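As structure tokens, here come the structures.
Look for chain A in each of the two complexes below; its partner is chain B in the first and chain C in the second.
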Partner chain A sequence: MAVIRDMMPVFELFQPASVEDATALLREHGEQAWVMAGGLDSFDWFKDRVKRPAVVVDLGGIEALKGIESTADGLEIRAMTPLTDVVRHPEVREHYGLLSKAAELVASPQIRNQGTLGGNNSQDTRCWYYRDGWTCYRAGGNICYADTPTSMNREHAIFGADRCVAVNPSDTAPALIALDAKMVVQTADGERVVNAEDYFIGPGIDIMRMTVLQPGDLLTSIRIPSTWAGAKFYFEKVRDRQVWDFPLVNVASAIRVSGGTIEDARVAVNGVAPYPMRLTAVEDAIRGASQDEATAERAGEMAVRGARPLRQNAYKIPLMRNLVKRSIRVEA
Partner chain B sequence: MADIEITEAIDPGVSRRNFIKGVIAAGAAVGSANYMFRGVGALFAQPTSPGAVERLITLTVNGQQRRVDVMKQETLAMTLRYKLGLTGTKLGCDRSECGACTVLLDGVPHYSCSILTQSVRGREVKTIEGLAAEDGTLHPVQQAVVDEQGFQCAFCMSGFVMSTVGFLEGNPNPTRAELAHGLSGNLCRCADYDKILTTMERAAENMRQA
Partner chain C sequence: MANALIGKDFTPPDVRGKVTGRAKYAEDFRAEGMLFCRLLTSPMPHGRVRNIDASAALAMEGVIAILTADEVPEIPAPGNPILTNEPLYVGEPILAVAAVDETLAEEAIAKIKVDLEPLPFTVDPLESLRPGGPNARGSANTVVSGEGLKEIKWTTEDFDAVADGELPMGEPTATWSYGDIEEGFSGAAVVLDETFVTAGTSHHSMEPRTAMAYWQNEKCHIYGSTQSQSFVVPGLARYLGLEPDNVVYVGENCGGGFGSKGAAYPTMVIPALMAKKTGRPVMMRISRAEEYAIGSARPGFQGRVKLGFREDGRLLACDLYVVQENGPNGGFGDMSAAASAISIVYTPVAMRFRGASVLTNTPPRGAQRGPGQNQIANAIEPLFDKAARKLSVDRFAIRRVNAPDHDSRYGANRGAITSAYLGEALDKGAEKFDWQKKQAQSGQRRGSKVIGVGIGQAFHSAGSNGFDGLVRLTPEGKLHIHTGVGNLGTYSYAGTSRVAAEVLKCDWKNCVIERGDSSIGLPWNLGQFGSNTSFTMSRTNYAAAMDAVGKLKEIAARDLGGAPDNYEIGNEAVFRRSNPSRRMTYAAAAKRAIQLGGKFCGHEMADDLNPMTKAAVRGLAGTGLVGVAKDNLPRTGMVPALAAGFIQIELDLETGKFEILDYLGVADCGTVIHPQGLAAQIRSGAVMGFGMASLERQVYDPHYGLPRSVGLYQAKPPSYLDVAVGMGAEAVDQPDPQNPMGTKGIGEPLMGCASAALLCAISDALGGHYFNRSPVLPDMIINAASQRPQSHTPLQVNTD
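== the complex of A and B ==
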């Protein structure tokens, strides 16, 4: 919880000017090092003394990691680009409006001015037991405090739980998945390009990480292929307060319709599982169907099949069902 | 004591899993002495390390060059308030959740509680103290606050004023709804939003006339 204490505990700070220097520093300091982008997730951990890296490598001085560029096949958004720049960029708005819409619904204006697209997709979960420093599974312990008969778990998962029932909180992640974005990762062995949907991992793969990033890896940029440019987009986020709050559930869809028939679609939701979920079964079911109320209804029903609510979050089932339904019925 | 345990918990050989476990076990019992002594020895940066930072730095604050000694982990809000005496910037939540600490960096609103002072080297920092003219003439946004008696307790005021100055820069003629969206990163515990918005509409008008 937010308790003002005196100061963050000491760490050694490096502000390298190049990706090479940053990766060299990360390699040198290994598991003691923490990668910092905008810092808006990082500082909470440091201030609460829950995570205490000895070394912080601040990527803020690396110009090569900032900016948005057109490429032969779409758009390249470098990882350190602030969300505000993503929201305002004319080409993002014109061709990939799904992403600008999602980014604009993140947090607050000041946070969007500083928080980066890379950081937004690499941020940790908001489970408050974990963030308060409880020694749960995700923190290396042997219990999940959010999944007991008395837990406060209104915000937690209805899908994908594996000991940990926390959710991925990012608003931009489902938009990137719907746009079939590629995440460019700098690893010790060179560059690796990962589909957005595979960038996020669940607790079954590694309960202590949210993404494929290993210590020392850097997300350097996000490539948006032109495949879905100009498609019909839908993004909706439901949250308690209209500013600051993370999504209870959000949905992102990209749909191509021709003569009333859905030619192709990509749909993703977040806030319901430990990773943003691409709804491939729904996509398969609606491909070739006519874009009408019955198809939307069916999509919503399919989307929530297999959901397992916890004590306080059964409301997420109708919420997700209706959001998916709306995202399919989008005006052609 | 907790301090010693923590120093040991960050030995290079320890896995991340154990490192986090050890840290959590030491938990909230950690005292302030801890950030002075923790990690001494292993952690001194080699002077030649790329990206190593100095403690004695120069900041540009309200158009002045200010030499200041800052810790690596120090936030801008702390430096402004407790090193440079610029206490017009308020600390509310210290967690990017209220906006009281909003300042402008190169004209753009940021929460000064949530950015390292080391990260604003080379950028123009503007605080509420830097708005009025040399002769004391208030900035048009400040004048609007006076004219409209815009705030109740006014703890949130400097943050709102800085957000407004930053926002009007990009949108000098906003609708009330646009203004509300632009200032949505600032909270008022007196919940006096209606009056604040009226004040800031007046501010926009003052700016256009200035």
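== the complex of A and C ==
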């Protein structure tokens, strides 16, 4: 642990007004540069003096990165749109209520005013060992402090661990995956559009990153296709504390039902793996089944198959099973 | 005659400042040329400083000085040191750096090279008691009352019990008993023998313990964050090696203390010592992460209790053993307070207490709201439910049959008490909460949700005596009530000041409360802790006001004829009973007091006053009619504050989460002096209790000894969505016979009764699954609901 905490070190602050200026700054400063959206993740790192970037590029002044617009095929939400605006937007509420519900359960009203949709999906993990500045795998070291016989890992992964057992803490990420959202990334080579489920990466791909974003890349907007507009949605977040807390487990589902039969479904959970998990096997299994208790039970059981709990987090197995079950059986 | 002020709501004078943001806290003060000071704290749970190289830091422009442990007064072990060369917990201050701004001070700290030798440590008391187990302080692992630091190891055989999930019970460091417990157990219809764990908790004071200090001539001026005012001064003086007269202490407001800021604490004097060294004022702001280290904590318990009940639920015998997580220093007497609480809340016919307070390399322990009493409420109340199930006795009835009355005895010494209305509190709660109806709903299912109900009870001693009161009537016709108790945020400083106004029959609009700055003349008062203010301060203010009444009558008799006894007071005047037109206003009497001099205006005073009060009176002498007196009213027993909480929850078996549907807290606090203040205490105490029962965590990685919770989002005190929307508040409102206004304190048990009630309701919703542990977190509830084993062993601490 550090000898001092809670006091930001000095850095050079840039506040560009355009995406072009921002990307130019990122290219100029390369790995020295830190991209800051709402600051909720960044300031913790800075104040704890664990991450000490020389340059911080604050995206808060780029108006082009804010706002929600209807498109020919759904909705485009720019990355710096505050979560509160996502929650309140009439079209989000009416057609994509899953996202509005998920965003509303993030943290606290103040944090939702300041935090952005892009930031919520690009934030780092909350593993306390890692955030405390321990030189673990994710911090470039060669050990996972959270996965030992004495580790305190109640909030860690039951799936997808690969040296690192930290989880992705985002509430909106599973909702975006369930809605089949597309993440628009500005790279040095131009714009790249990535499926939401592919935006998040596990430690097997790169143990030091949570998303596909490379230094110099910028998430500029999130496109939600109309495919799932008006479907039956379910979002639930279980957390210790009802305000200002990350999920122990959350679940998002979008289901189309016809005559009691599930025509199609997308289901995703978070808080159980280093990335939000889309449950494709569950989706395949319930497609064509009747929306009843038996199907829901089966979905729940299927969802947790293969889970590998750590010392203190076996409870996540029944919790995830129950949440997936609830997300399937729900009558919207 | 009905009271004009006591029992009525009013707006305390500090409310407006708090609502508008104008209220000044320690960090709001500034002084010319002020430096900022920051701390270098220990990165490891136990170590020894081998060398400090600050040359690079001191070479930075704007960095003025460093202060090390070698330069500050040494506090004899096991006291909490000011700075240390042998840090005993993560975050313990090693040195301080002063610079022209905070960022620079912090950059300087980053440049200081401290060579620390890591030493053995422990964060689990039981591990330290094992043969060959680590000691938190090298040669010692316990602190024994009257003996100080000591090493105690239990035998391997003692630890055989752990295999059965039971607390081993080796040699205790404290013990007491009364009655014959074996006789009680042998005659019992049900005997429970239960091992339990209650976790330690941080204080989470919203205002960290920031302080600013400067010196003028020989006097040290300190602006701090404390619950108390006058009580802090002698402590600060001792830390600084000064006479109390040479300390000026300003503590206008306190952003939460919960016991952790009751007295002077060592970090407060770091800026004072730095100011002395640099010759400039010094501000030391404390960060949230630092507050979690130096901000004190409630000790956790690993305990075992054997309870023997008669068929009707009467508690015949109690045998309690507590292993207390003491922190590395002197700690606090939670374990014996816990035992004493059992003696009065449940009045066992026979009882034995044994305990061992074991040193740990975790933050120093101190008083936290209901120290010991609230942990034991969490442990015992669910066991009363368990016993009630076994006996087929109603859960209300098992509490009612054991409730104390005015003749009940307290603690090891079986001392007398002043009054006890816990039974009446239970009765009132049962009626207002509609316990019978709500209990009948227990177990009702709605999908995956199930109803649970619970009752909790708690206690704290709540009153002292022997302190001084000071009031002053001025020629402007104002009553100045000088209060040295402090302002921890409950408004009881104001509620008890109104006692003086009540006695003197003053319009509250004409009253001024003088407080928050020792240089303005404040009397010697006990600190604002231990739920004592309402009882203690209503007595001092009563004594001072009665002294003023006597002086008013004397002055009137002198000027208007007759004897003082012929006079009455009313409408801010003193008048002749037989002829009310012969009267003198308070303003006129104050003028006369100044003319008369002597005792009337404070030039003379009683000998039995505390030197601090005498100094205050000397400073105020000649400014009006001075009423000043020591509280010499009789007190022949311990003053119990008792509380009962009633709760109904709906628990989701699939998520481990619950919603509090309804809560009612009922206080036995004697006569209610400030209904709004009391209701706020009942509700906020409950909120704090819900956190203790089901949310908060202060835990350490067992392998590295590092804290897991150094931020509010990690430590998880409750939020507004974790509590009931409307929470009921009631009081028995029966006067205590040993207080002139009938009032007693109440703050602390209001937390414990709520915490225990919630734990009982969770277990009730789970059909009688008892966790023997607090907090009970959602993962534990899910495991219980899905018939899975818990991820911790019964005695495990630091369970995340």
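The rule is short, and it goes like this: the second predicted complex is superposed on the first by the 324 of 332 C-alpha atoms of A that agree within 3 Å, B and C clash if a C-alpha of one lies under 4 Å from a C-alpha of the other, contacts with A are read in each partner's own complex, and residues count from 1 in each chain.
What we mean here is this: a contact is a pair of C-beta atoms (placed from the backbone, for glycine too) under 8 Å apart; a residue touches a chain by one contact, two chains touch by 3 or more.
On a predicted model such as this, the values are computed, not experimentally measured, just so you know.
Report for A:G39: first if it touches chain B alone, second if chain C alone, otherwise both or neither.
In the superposition, A:G39 contacts chain B only.
For A:W128, using the defined touch cut-off, is the partner it touches chain B, chain C, both, or neither? Pick first, second, both or neither.
The second partner, chain C, only.
When the two structures are overlaid on chain A, which partner does A:P9 contact: first (chain B), second (chain C), both, or neither?
Both partners, chain B and chain C.
On the A-aligned overlay, A:W244 touches which partner chain: chain B = first, chain C = second, or both, or neither?
Both: A:W244 reaches chain B and chain C.
Would you mind checking which one, chain B or chain C, touches more residues on chain A?
Partner touching more chain A residues in the overlay: B.
Just checking: does A:A54 make contact with chain B only, chain C only, both, or neither of them? Give me first, second, both or neither.
first
So, A:G140: does it touch chain B (first), chain C (second), both, or neither?
After superposition on chain A, A:G140 lies in contact with chain B alone.
Let me test your reading of the model: by the given contact rule, A:Y315 touches which partner, first (chain B), second (chain C), both or neither?
A:Y315 contacts chain C only, not chain B.
Which partner does A:R326 contact after superposing on A: first (chain B), second (chain C), both, neither?
The answer is second: A:R326 touches chain C but not chain B.
For chain A, which residues belong to both interfaces, chain B and chain C?
After superposing on chain A, chain A residues 2, 4, 6-10, 44, 49, 108, 242-244 contact both chain B and chain C.
Can you list the residues on chain A that touch chain B in the complex?
For this pair, the touching residues of chain A are 2, 4, 6-18, 21-22, 24-25, 30-32, 39-40, 43-44, 46-47, 49-52, 54-58, 60-61, 84, 107-111, 113-114, 133-135, 139-141, 208, 215, 242-244.
Under the stated contact criterion, what part of chain A meets chain C in this complex?
1-10, 44, 48-49, 108, 128-129, 132, 145, 148, 150-155, 236, 238, 240-245, 248, 311-316, 318-319, 322-323, 325-326
Show me the residue ranges of chain B that touch chain A in the complex, using the header's touch definition.
6, 10, 12, 14-21, 23-25, 27-28, 30, 32, 34-36, 38-39, 42-45, 49-53, 71-75, 78, 91, 93-97, 99, 102, 108-111, 114-116, 118-119, 163, 167, 181-185
Which bits of chain C are touching chain A when the two form their complex?
That would be residues 38-44, 90-91, 94, 102-103, 106-107, 109-110, 114, 287-290, 448, 654-657, 695, 699, 701-704, 706-708, 710-714, 716, 718-722, 777-780, 782-783, 785-786, 788, 791-792, 798-800 of chain C.
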